[in-house]
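Take a look at the structures below.
Consider the two complexes below, in which subunit A is the common component and subunit B and subunit C are the respective partners.
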Partner chain A sequence: MEKYLLDYNWTVMAPELTILVAAALLTVIDLLMKKETDRRILGWMGIMAVATAGAFTLWRVGKPPYEILSDTYRVDDFALAFKLILLAGTALVLLAFLREIRKEGEHVGGEYIYLLLTALLGGMILTSSADLITLFVGLELLSLSSYVLACIRRKRLPSNEAAWKYFITGSVSSAFILYGMSFVYGLSGTTNLYMAQKRLYEAFNSGYESFVLLSLFLMLLGFGFKVASAPFHMWVPDVYQGAPTPVTAFLAVVSKTAAFAFVLRVLLVTYLFLYETGPWQDVVGPALLVLSAVSMVVGNTGALRQSQTKRLMAYSSVAHAGYLLVPLAVISGGMLFESTVYYLMAYLLMTLGAFTVLNVVEQDGKTGDVAAFAGLSRRNPLLAVAMTVFLVSLAGIPVTAGFFGKFYILIHAITGQTFWIAAVMVITTVISYFYYFKIIRMMYFRPSSKGRFAIPFGAVAVILVSLTGTIFFGLFPQWTLDFIGQLDWVSTLSPVGTQHQ
Partner chain B sequence: MPITSYLALSAILFSLGLYGVLTKRNAVVVLFCIELMLNAANINLVAFSKYGLYANQTGHVFTLFTITVAAAEAAVGIAILIALYRNRNSVKADHYNMMKG
Partner chain C sequence: MMENVLNMLPTWLAFSPLLGAMLLLLVPQKRTGWLKRLGILATFPPLVLALLLYGTFHSGMDSVQFEHRLQWFEIPLSGGASWELTYHMGVDGLSMPLVVMATVVATLAAFASTYIQKRQKEYFLFFLILEMGMLGVFLAQNLFLFFLFFEITLVSLYFLIGIWGFVHRERAANQFLLYNGLGSAFLLISLVGLLVLFGTLDFNQLQELSDHPRTKGVLSQSPLKEIVWGIFLSMVVAFGIKLPIFPFHRWMLKVHTEAPPAVVMVHSGVLLKMGAYGLIRFGVQLFPDQMRTIATTLAVLGLVNILYGAVLAFVQQDLKRVLAYASISHMGIILFGVASANVSGLTGAVFQAVSHGLISAVLFFFIASLVDRAGTTEIGKLGGMARSAPVLTGVFLAGGLALLGLPGMSGFVSEFLVFVGLFQQEPALAAVGILGLVLTAAYTLRAVLATGFGPLKSRLSDITDIKPSEAAPMLMLLAFILLIGVYPDVLGEPIKATMQMIASRIGG
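Now for the complex of A and B:
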């Protein structure tokens, strides 16, 4: 039966359309505003748009999956859960750094806000695509917006240099992903992920094993860059250090979450048959485990040498990418989606909280060095307590969200009988205490010559939200996990038509 | 089988592009090399849409999308390079080494 455009239920795309309209409107409004007008009003409009999109997304949760635009775009609980994390991350980034919009005597204007929105839109397309073409377009929308965002302080050399390095590594990884996708298309003759799974399975059994694995590994190389896992992490420290702090926070949280949604969707939908027929356990699983172990080791030992706070956070982000890859590598643990989503939620809260505090402290101290934190406990005790909670959570010490995030991943690895990765995880976590506690030591045991300072309203709000969330998820982990477990994760793996058989 | 020659061509282009990105000192040449890598994938897609296991038109559509995206990517890349050139006065990629460690 022929389906016309208006036969589709367009309300499923309401969140994306909201963000798209908001980004377009803000572009026009920004053009019409006078040059010296305060652009913060645009920031508030952006936050409202993201909140509206979040409400639309929440409203879809729990409803059966729906495919739109000839099955290229798919709205299921997997996509919705990741979209909620992306939206929450962007809203918090916008709120925390509202004051940044008119900083440093340079016209940074509204571009920052609508580029964040287009990057968010790219991430949202990425999470709910069921087709290689839409996946690639979403990925590039996210990446291109991020390159420009990294360069947004265009008169500052570190910002330019960070953008250049990010652009080169990002484009090379996109090229790898596209090259891998071209082989998927060649073997399956389709760009639909579900159809491709069937056809790849046939191709795999009729003598094209090497090409199937080649396509997978080319894409894995690209994924490695995008999620910032070692050994593809060379760009991370430079980009995190050079980019303006709001953008760094966005890259660390939203970009990484979107990349993980992409990896999970492509690997689990398109290549799941490898798990059922065996090669996953022999080749793909070990490769992912090595990626994750190398990320943990390189991230956690690399951070030990850093004196710049943002570089330190960059290496810590590499290590977290390593932890997050464990559930995917060890599929048989049974809590793949739950532990990944729980960890991403905890990671969102603690990382954004830490970056907000870091930004406030850096602006006050006019330096990116860890020494900017010296004596914070006397200058601003509450801020020091908040930062301590975030760092303790990042380090994975009990009664915080970060602890249970790591705990569930560890349980997953042990249930999946992969003991060595659990051991690597525990050892590197202990190593990570050294550099997280370096900042805490600075805050409590170093004298400071400076006095108290004011914190902008948006930053206070974000710090409070992150603090509450980090402690709440730490006190009631089971409640959160049950909620995540109620979502319909299994339907992610099969196309819409075959659900009820 | 004609497809192998197309695949070989695209593999050579892709490798040349990757080699250039990793070794060239001139930033503009690095941009060209990235385009080379993306176009290698395009050759693959078009070849597969004629000689693939299930030959059909989807490959052409995909190629149109990737060409558009690659154009946008080149524009962003050149914009970043110009901003960098204004501050650094050099197009040598190995001069962009402010941050290390």
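Now for the complex of A and C:
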């Protein structure tokens, strides 16, 4: 039966449409506003839009999967879970850095907000795509917006340098992904992920094994760049340090989450037959394990030598990409989605909390050095306590969400009987204590001549939210476990038609 | 109703230090006098509750008492099943004495904390969180919960060492964090392994499951056999670092010398015993078969600890280091007790844990008062203190005598029990171990004599003798030491049933 555009149930795309409309509207409003006018109102509008989109997303949770636009776009629980994380991340970034919108007399206005929204939109498309074309469009929308965001302080040299490096490496990685996709298309003649699965399987069985694997590894290469995993991490420290802190926070949380949604979707939908036929256990699994182990080792040891807080956080982000890869690499553990989503949620809270504190402290200290934290426990005791909780959570020490996330991943890894990766994970975690506690040492052990400073409202709100979340989800994981548990993950693996007709 | 309230006693006990911590938050930073008073007072609720626990404890029972169990969370598995993790507190004959000892030491350490010169408010906050952590460790009946409390002690102690310690405090704090972080990592791995293997982390369920003949059969086959061994060994390493067993002891020396003496009272007195507790609880009780296999190795390690600690304690020039090596030596005795795997040896190990906790506390209380008066603990700079401060020196002498195991004091009872136990299993090792006791007498007397007697050094000439606020806690500790020494049943009776149960599991 031929379907026309209006026959589709467009409400499933309400979150994306909300963001799209908001981004467009804000662009226009920004143009019409006087140059001197305070752009913070746009920030609030952006937050409202994200919140609305979040409400739409929540409303959709638990409903059967739906495919729209000739099966290129797919709304299922998998996509919704990731979208919620993306939306929450963006909302918190917007809220935390409202003050950033006008700073240093520079004209950093509305574009900051609507670029964040378009990047978010790209991420959302990425999570929902059932087609290589849509996937790539989402990926590029996210990436291009991020490149511009990285150099949003046009007159600052480091910001430009960061954007330039990010652009080059990002483009190369996109090219790799595209090249990989072209092999998929070449072998299967389709861009639909589910169709591709069937046809790749046939191609695999008729002598094209190496091409199937080649396409997968090309995409993995590009993916390695996007999630900031070692050995594709060279851009991370420079970009994290050079980009404005809000953008860094966005890259660390939202981009990474979107990239994980991408790889989970592509690998699990298109290449899952490799698991049944064998090469997954022989090639793909080990490759992912190595990627993960190298990220953990490189991230956690690289961070030891850093004295710039943002560089330190960059290496920490590499390490966390390593932890996040463990569930996928040990696919037989049985808690792949659950542990990944839980960890991403915990990671969102603690990372954004840490970046928010970092931002206010660095602005007060006018330096990006860890020394900016000196004596914080006496200057702003509550801020120091909050930062301690975030760092302890990043280090995976109880009673925090970060600990439970790691615990969950470890359960998955040990159930999957891959003990060595579990060992690498806990040992590098211990190494990570050293640099996370470097900041804590600064805050509590070192004196400072400086006095108390004020924290903007938005930052306070975000710190409070992250702090409550980090502790609450660490103490009472049941709530999240229930939510994640009720989502229908299995349906992700098969096209809509086979289940609901 | 009364029953319910009593069953919640472990919960109240573990979290009671927080009550004082909340009140502390309300006191302004500058009212140091109030902060100190409140900080000391805050350790009384746990003490009172612990004594209540001791009073209402049923001595004849070998199972867990005062059980308080709540659902906490479930990890869903595919197929609708799930692993349930519970909030489960309780106490048995093994943990009860350690809980009481921990609260006593904590209260007296709070008295010793009045020497703290700066940032008293934060100090007492961390101190009380530490107390909560260590009580929780002994009271938890679920391994996950145990681990959480274990980590809380780690973080709070890190701050206590790093902020209020001596000159090299930061290095000590870092080393402490890394070594113990590594220990926690091993513990975490074995914890997850147990969860995956058994689907639960409740102590009694784990025990029941591992006792079940069918499970035993399954677990004795490869590859599960190797996995169980891996879990067991990583637990031994985790607690071996904490105890510490010989090659893992370096961090503990640093903590002994660099942490403020009041914190060392708790560290040496209580926190090291978490290692002993873990070895008995998880080693002997949960993995009796594996434990029996490595018993001889443990005994050898114990011997190394005893002799290495004793010999090095003899040549140290700093009182704190003497006591640090003495701790290593005395933890070797606990290892002997664990390795002997019979009622006498295990009872001795618990006695040694409690007794050494009290003795360490009194000795480091003395160190705290000495640092406050003389500003040094180097033996070369001390001497003749008995003339200027006779009572204080007397306390040190009494603590030293307890340390070397003088009959009539608690140290004697524990060493006696341990050696009786070990002579049945490993007579040769035990015989060599006796040598350690002779060395103990040598280094203890050397330290006491060099400090208290001989020519009076100028920096000690006009120091004040013991103050009532110091005398009361020190004498109280000595009273406990004497009580256990003279009337061991005060401790032996309540733990007897549990020790027999544990020993019967390992076949002793």
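FYI, the second predicted complex is superposed on the first by the 498 of 501 C-alpha atoms of A that agree within 3 Å, B and C clash if a C-alpha of one lies under 4 Å from a C-alpha of the other, contacts with A are read in each partner's own complex, and residues count from 1 in each chain.
As a working rule, a contact is a pair of C-beta atoms (placed from the backbone, for glycine too) under 8 Å apart; a residue touches a chain by one contact, two chains touch by 3 or more.
Note that the structure is predicted; figures quoted are calculated from it, not measured.
Novice: First (subunit B), second (subunit C), both or neither: which does A:F56 touch?
Specialist: neither
Novice: Report for A:Y436: first if it touches subunit B alone, second if subunit C alone, otherwise both or neither.
Specialist: neither
Novice: After superposition on the shared chain, which partner residues are touched by A:E338: those of subunit B (first), subunit C (second), both, or neither?
Specialist: second
Novice: By the touch definition at the top of the document, which applies to A:V392: first (subunit B), second (subunit C), both, or neither?
Specialist: After superposition on chain A, A:V392 lies in contact with subunit C alone.
Novice: Go through the superposed model and pick first if A:Q478 touches only subunit B, second if only subunit C, both, or neither.
Specialist: A:Q478 contacts subunit C only, not subunit B.
Novice: Looking at the overlay, what does A:T415 touch: subunit B (first), subunit C (second), both, or neither?
Specialist: In the superposition, A:T415 touches subunit C alone.
Novice: Count the residues of subunit A touched by subunit B and by subunit C, then name the partner with the higher count.
Specialist: The partner that reaches more residues of subunit A in the superposed model: B.
Novice: If I apply the document's touch criterion, which positions on subunit A are contacted by subunit B in one structure and by subunit C in the other?
Specialist: none
Novice: Spell out the part of subunit A that touches subunit B in their complex, as residue ranges.
Specialist: Touch list, subunit A to subunit B: 132-133, 136-137, 140, 144, 147-148, 151, 154-158, 160-165, 167-168, 171-172, 174-176, 178-179, 181-183, 185-191, 199, 203, 208, 237-238, 241-242, 305-306, 308, 311.
Novice: Taking the touch rule as given, give the residues of subunit B at its contact with subunit A in the complex, in rising order.
Specialist: 10, 14, 17-18, 21, 27, 30, 34, 37-38, 40-42, 44-45, 47-49, 52-56, 58-59, 61-62, 65-66, 69, 72-73, 76-77, 79-81, 83-84, 87-88, 96, 98-99, 101
Novice: With touch defined as at the start, can you tell me which subunit A residues reach subunit C in the complex?
Specialist: Where subunit A meets subunit C, its residues are 334-335, 338, 377, 392, 397-399, 403, 407-408, 410-411, 414-415, 419, 422-423, 426-427, 429-430, 433-434, 437, 441, 444-445, 476-478, 481, 485.
Novice: Report the residues of subunit C in contact with subunit A in the complex, numbered from low to high.
Specialist: Per the touch definition, subunit C meets subunit A at residues 72-78, 122, 147-148, 151-152, 154-155, 158-159, 162-163, 169-170, 173-174, 177-178, 181-182, 184-186, 188-189, 192-193, 195-196, 230.
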